[in-house]
């Protein structure tokens, strides 16, 4: 398990009931029943569809006609499909392009702004605000920002057609993504830094290390667990991208990310079997990437 | 003590039941089958304000003539219209009466068996042939499946024409009485218009995939190109004729410089916004476009003239394109007979469709009727039909249209070579229709 | 000294970030032609407060808003109930299968909606919940993150208190309501805020499930409005609509900032 579930010091005698007692009390049965509402909801609306997506991926299914078994044909089609490949590339580009800078920026800002000084609270707030905005509404705003005569071009005296060119549309979405997501990870990094014992920092100061060394040798290694979580969350969020692409470009100009591709395949082309196959592949990819990330971070754990 | 426990437990169950109950109640929302002889019909259309007005008027009339019928009318935003119609029909959540274009009907709904054939009783006729006899031959093809079965009657039947802003022409020293007859002349005139300060001389509308498809088909009809082969079994986007069509588009929209595709019409609130506001000098139009402009921008409307569609080849017979929207009935509808009666009523108001909305119902003699004579440029419009034909459509047509959309974006906006773009598009179309 | 420089840079960055929001609000107040006027002028020549009435006049914006509020509040309440009950169950009781159930719940965190929404939609269709509030609310009635959070929170309630209550004869639910509940008010508030925000933001699912005007929520409605108003003349209305849509979550954030930050941190498993 990751170390982030470390519990804070508790009043003696609190915590969780042990997994097994010698006999199950009637009270425990009532207690068990309390989890039923949530578990039933999960069973119907998370587990069942989660399993069914694998099943549907083997069919050709358009919702009106009965499903037709096609075995692995959907996967074979996708393996050779340029549009699917492009969608995956678009998603990877968006994820890496947005979240790598966002994480780096958030980390830098967290270190810079960690003090409880009054003014800094306001500065932090400025970065938090984008997180509190809803994706669709803020995409509408960014559509204006990215207009050829909008805020971005005007401020930097550029003449870029952000949303109507294959070379720049994906960058436009990345810029918006970084703006929106940095604050989220800033919150996480700040929380992680706050939990770091002050003594370690003092020790490094006494040692005579300069700020840069302090950061790399002391702070960063201790932030590994949080960085690991952040990067896992980042990848998941990256693949969940949908609203900005829909509002800003409709998926045109190489911004059709996997999520949008699934939506169009399932609901515009009514190919639900193939869409399920994409979902299965996405799921496998996410799991694989997550495992790789966790392993990478664990291996470099001091 | 025990009573406390029981009471709390009871409340927990009540809570759970309430949650489940709201779900059940909400689920019973569905369509009502009033057992008291009352009929509710649901009717969806896309969003075109003049059409919506007349629909509402006709609905009110129908409801007062048939007090036991209630019509729930919903307008769907245009960019989601295609998806929403398909999803709703596919999931059985669609309306009783639909109003859809021929590409969608033939390319998506017929293959998926989502519609119900025409019921002549609704029209007071004893056979479908009698219903068909009223219309100009060939104009109903847009609603016929591969076996020739008819699934709808036209709400609008559009031939393709061209509009010019006569005031802009005069500014540029051009004579509105000699409009451009070829696309090359459009470019030449365009350059003169640019010189006179009208920077957006001509451009296409870059709205959703359906629009891209319209323009491509229009051009391809003239250059001898097509999306599919004659037998409809293979893609033909990389044929010489298709390549010429896209090259023509690129020339008109990008290389000639007579307008900037990046700003024109990407910013249109409604289709033809730029033409209506006097920003654009020339545009490909349909009868309903002119009516829309007349209502939204009457000042500019006075300056506009409708002329025949320019051609790719001046020496050949003029070639154009037609398309239509049809009223049809959902195969899942539980009120088919009543639905067709209502459709028949809508269709019977043909004169008003023509005068109020400029929607042509292609019944025999429509172009010489009194109502038609009130339409300015009716002769140009009537002529447009003679040279036009319906699109050839294949299965999975939504995907094909998306492919065309992408190909045009790449050629016109990104400037990628037409050959490369169409080769990729051709493969994509082949994959779509072949799976 | 170096520190001041760093802070100054960070502040400048923060102002740049905030500039986008300022631009949105100011654009909403400008007369139509001024928004995209070149060169950019920040301040409106006059304040067109009427722009904020446009979404209500021209579209069913009020309905979208009301729907979002209704769905958001209902989903939040439902989550509070289910997650607290489940968190309590997992934390303070022992029964066979408890740990397995909890692991299964956590596993669903790895399976985002995006992976399952196609069969989930088919299920909703089979249930007849398409275009109904049930389809919007019930599948979102609980969340793994919420359960995890509440379990963490209830873990820290001292067992002695519960023991004392039990000896007093209080039943399971009574204990929850009178002892545990008050002690976990903070995390519950954070959870409520977080769930409300996530739901307010939800686009993909409502787009599929509830796309008729009666049931449409704000994100879906706003996207549709944008699609119908791509041009310059639609900008004042769209900006006004966007600003109006942003207000609830930003206001909630500003007033409950501590809770919000707590909620985000807790969503990553950090206390």
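Chains: A, B and C, in written order; residue numbering restarts at 1 for each.
Criterion: a residue touches a chain if its C-beta (ideal position, glycine included) is under 8 Å from a C-beta of that chain, and two chains touch if they have at least 3 such contacts.
Everything numeric here is computed off the predicted structure, so don't read it as measured data.
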**Request:** Could you tell me which chains are in contact with chain A and with chain B alike?
**Result:** C
**Request:** Count the C-beta pairs in contact for A-C and for B-C, then report the pair with the higher count.
**Result:** A-C
**Prompt:** Centre-to-centre on C-alpha atoms, which chain is most distant from chain C?
**Reply:** B
**Item:** Between chain B and chain A, distance of the C-alpha-averaged centres to the nearest whole Å
**Value:** 39
**Request:** Calculate how many whole Å lie between the centre of chain A and the centre of chain C, each centre taken as the average of the chain's C-alpha atoms.
**Result:** 16
**Request:** List the centre-to-centre spacing of chain B and chain C in whole Å, with centres computed as mean CA coordinates.
**Result:** 38
**Asked** What are the residues of chain B that contact at least two other chains?
**Response** 9, 12, 19, 79, 87, 91-92, 266
**Fill in**
Each of the following residues of chain C touches two or more other chains, namely 81, 125, 138, 141, 171-172, 208
**Message:** If I count partner chains per residue in chain A, which residues reach a count of at least 2?
**Reply:** 30, 34, 37, 63, 267
**Asked** Quick one: in the complex, what on chain A touches chain B?
**Response** 30, 34, 36-37, 62-65, 77, 81-83, 148, 161, 164-167, 250, 252-253, 264, 267-270
**Prompt:** Touching chain B in the complex: which residues of chain C?
**Reply:** 78, 81, 125, 127-135, 137-138, 141, 169-174, 177, 208, 211-213, 224-225, 227-234
**Request:** Within their complex, state which residues of chain B touch chain A.
**Result:** 9, 12, 16, 19, 79, 82-83, 86-87, 89-92, 108, 112-114, 208, 261-263, 266, 396, 398-399, 402, 405-406, 409-410, 413-414, 424, 427-428, 431-432, 435
**Asked** Which positions of chain B touch chain C when the two form their complex?
**Response** 1, 4-5, 8-9, 11-12, 15, 19, 22-23, 25-27, 29-30, 47, 74, 77-80, 84, 87, 91-93, 207, 266-270, 273
**Message:** With touch defined as at the start, can you tell me which chain C residues reach chain A in the complex?
**Reply:** 2, 6-7, 9-11, 13-15, 17-21, 23-24, 27, 35-40, 81-83, 85-86, 88-96, 98-99, 101, 104-105, 108, 110-123, 125, 138-139, 141-142, 144, 147, 151, 155-160, 166, 171-172, 176, 197, 200-201, 203-204, 208, 218-220, 222-223, 226, 235, 238-239, 241-243, 245-246, 249-250, 252-254, 257, 260-261, 264-265, 268-271
